[in-house]
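All chains are identified by letter, namely A, B, C and D, in their written order; residue positions are counted from 1 within each chain.
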């Protein structure tokens, strides 16, 4: 029933979009048995999506950070305009961009179960692979093979990107952790109480260590993903990105990029990272 | 032991750095006899402004566009974060940035007397030079000579930048029109009624023509300003910037820059223009 | 016989390249009946070309400027290193890059028949399409359809790029004129005698006018090519690129890019243009 | 009539601009008692140097790498064109750029006493501070205080930059190590015999360790220099730059920049680094 409602909604939106050839962002819901909850998401559908009903698209999963939600990339970082620009200019393949939700249940989106982890009682990672991806990729015209699937995310979502791409490398063409929170408690970091559970999970899921200690065939699978690691030189989380890249380098990853640009842990950094990310993942689709 | 010494050093540095050493934005008012009105403004005061009461700073006047106000650069284009970044990174001289108001009196800041012009009954340009600049430059610690004064603005404010810098070139070190509205009615443009008066003024104040037809000594004075013209390749106003630059080039301006980057007439363009503008005007201060 | 000799040479080079997995530049010759001459070329073969004998590649034709030859992109603008970098970093699809020769027969490569034109008695354009492309695309493992064929060039080669892509748009996915000589005699230009014939041909082949005056179906075919026009703001040839882009814009080309960056008509401009060109043409392959 | 006036103006401007107003590179020699040798250098004198005999300039010392000489920045990395461009565009203060020589005495400029070190019997660092700087700064119109003196260099010269700026921080406004060789023998590095003495010196002069272990007042003096550290993500020497930056960060340097861009240990990296370096040091002059 929900599917039908959603489809009708889509139809109405498409009609109201007058020939419907602009890109657009829609909000949807995936009902999760694993979580026992409905999880919202935003999805960016590229220009002319409705005009080519026979065409399927590559997909980018774009993850938000702590304090954010499925709305943040669109509302605060202008992802629609940037994706439109980049596509129109020929530097980005038309793609579907999915923005899931991993917000906590407290004020400012911080609270219980925030993040992309499998907590006891809140197996988000299982939800993501077993329910969310299948639901999304049947709901929209997504090619749906790993050669046409990429992931990127900022801060907490940069950790999620790294974790998802390392736990299940066979899903991904490219992975782009931006300003990733790969250290739970960097030097001088002071916990706020409401962040504690999340920080513990980051420390528990130490991704540079995971890579270093993985069996050789797992390392090889992870190395087959194209990696783009980007973090500001004044970001308090810089060391994590550097440590991650070092492990990749020591293992001789064929395509692992590191960028350190001017900037802090802030919105301007992610806005200016996104154009390159879109180009990088575009060039990875199909290879 | 060394670590303890370091910690003490850090502590001392932190203490000495306390008490209002962040940059900030303040809102103020200039009461204008010329306009018969109070005009608000925002002003960005650089880091440590209060710690150096003996120090004076160069100044950048940063103009908003149609539909905007004195708040727009800070609220919508993140100018504080960008200026902080750029200064901290060493690519921008600490400066005071003043954001005046030229909004109209109707909804969405559009309406009567919008813009930087001398309309009959609303002599904004006279206000700007005869009341606003003197008030601002006595109210804050601004060096106040032309070698340390620059101007930049977007769209309507790009026209204002060009007009102010051409009418009174002796005031300015650098001028940076961004996505400037230098044509009233570009091909295919449709007037909205509430914009008519403003558009008429743009056409009346045709700045490329003004430059072309100016007396030689005026041209020479305008050529002594450092110019940085920047407009997106998909901006519907591109021709205006190109025409302006052509006139400058024919006259052999010693420092006139043109940049055409990927983009449209939109916030992302101005955000990504601002870092270079801050560097450009910084390098002009004092010469 | 020559073909056999060349093949043996290729074989020897491949063997001496020890597992042959680096990229390399080879020099070859195409014997032209149309020109009555042997024309040399350089070809860049991407990394692992020899390891994948079953794999075919997209192709970029990369044209040199006046005073240059088939060697100039490699010798003076470091195209091999740039293409290696860009490919390794994931921002460029592995491709074959062909650098033909349109040098004149006098000193400094200037002289009779310089350029990409059909002169009386020296039908270079006919040679290019009827002999050169077929020879090259059978000699190397090139996909050979228009979706996987692009062209770019600097100065005189920027004119050649524009002319070839407008005369035969059905051949090309992308076209990238860089600092193109689209005006024969810009304001203030002084002919050197040995350049006269070439300059006359540029004026005769006025490409912005050609586009403007083309029949609608021809314009539509030209608009189906992805265009990337790039020229320095201090280049004496800037007006030509701007005029070209204006015609494209008036006709509503779906993908026509203009970039104006800091710089003059010089090697640094082309080196810094090439990375973006490689990305742009890569993203066009297959669409 | 107006056009005639303009032409006259142009003519006058052209005339006044004649006679040596281009920038130029000169080669000179400093005879060293300390070394018992004559050491050559290149010097870049900015545009109009001869027209302003009363004007003094800031200075940048620009160091070459192993296998290079005083000629390399000009011959192989096009520093003159880049400095001209950057100055003309308003993004670089007119400055004098001095390129000293630290080549070895063997083939390919490698051999005995290569580098910027105080070897037994070849006290290059003493020569640099006690003879070279004084000779240069009396020979050209250089301001000659530390506020107007900067240093930059690549690879071996990046180590020299770091060493000179840490040993004598009171000399420098800015220091910019590019792709610096801060590790003697990175993982997997194989010594060539002729490099051994040089590599030993790099290991002996371990600059990140020097900074970490320096007394607090020395650390503070080093922190007063503006630092710009830049290294390619595929450079085999990347770890050294990262280690250096980490020490600076732990000590809370007020202006220490790190950039990691796409690239290897090669000429293209240094060419594309130079424009930002020129801007960075320009903005430091006078502070």
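In this text, a contact is a pair of C-beta atoms (placed from the backbone, for glycine too) under 8 Å apart; a residue touches a chain by one contact, two chains touch by 3 or more.
Keep in mind that this is a model prediction, so the values were computed, not measured.
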Touching both chain A and chain D (chains): B, C
Chain whose mean Cα position lies farthest from chain C: B
Centroid spacing, where centroids are CA-atom means, of chain A and chain C in whole angstrom: 38
Whole-Å gap separating chain B and chain D, where each centre is the average of the chain's CA atoms: 35
Per-residue multi-chain contacts in chain C, two or more chains: 88-89, 91, 257, 262
Chain A residues touching chain D - in the complex, by the definition given at the top: 187, 233, 238-239, 242, 245-246, 249-250, 257-262
Touching residues on chain A, where the partner in the complex is chain C: 88-93, 174, 226, 228, 255, 257, 279-280, 282-284, 286
Chain C - residues contacting chain D, complex: 78, 81-82, 85-86, 88-89, 91, 234, 262-264, 266-268, 271-272
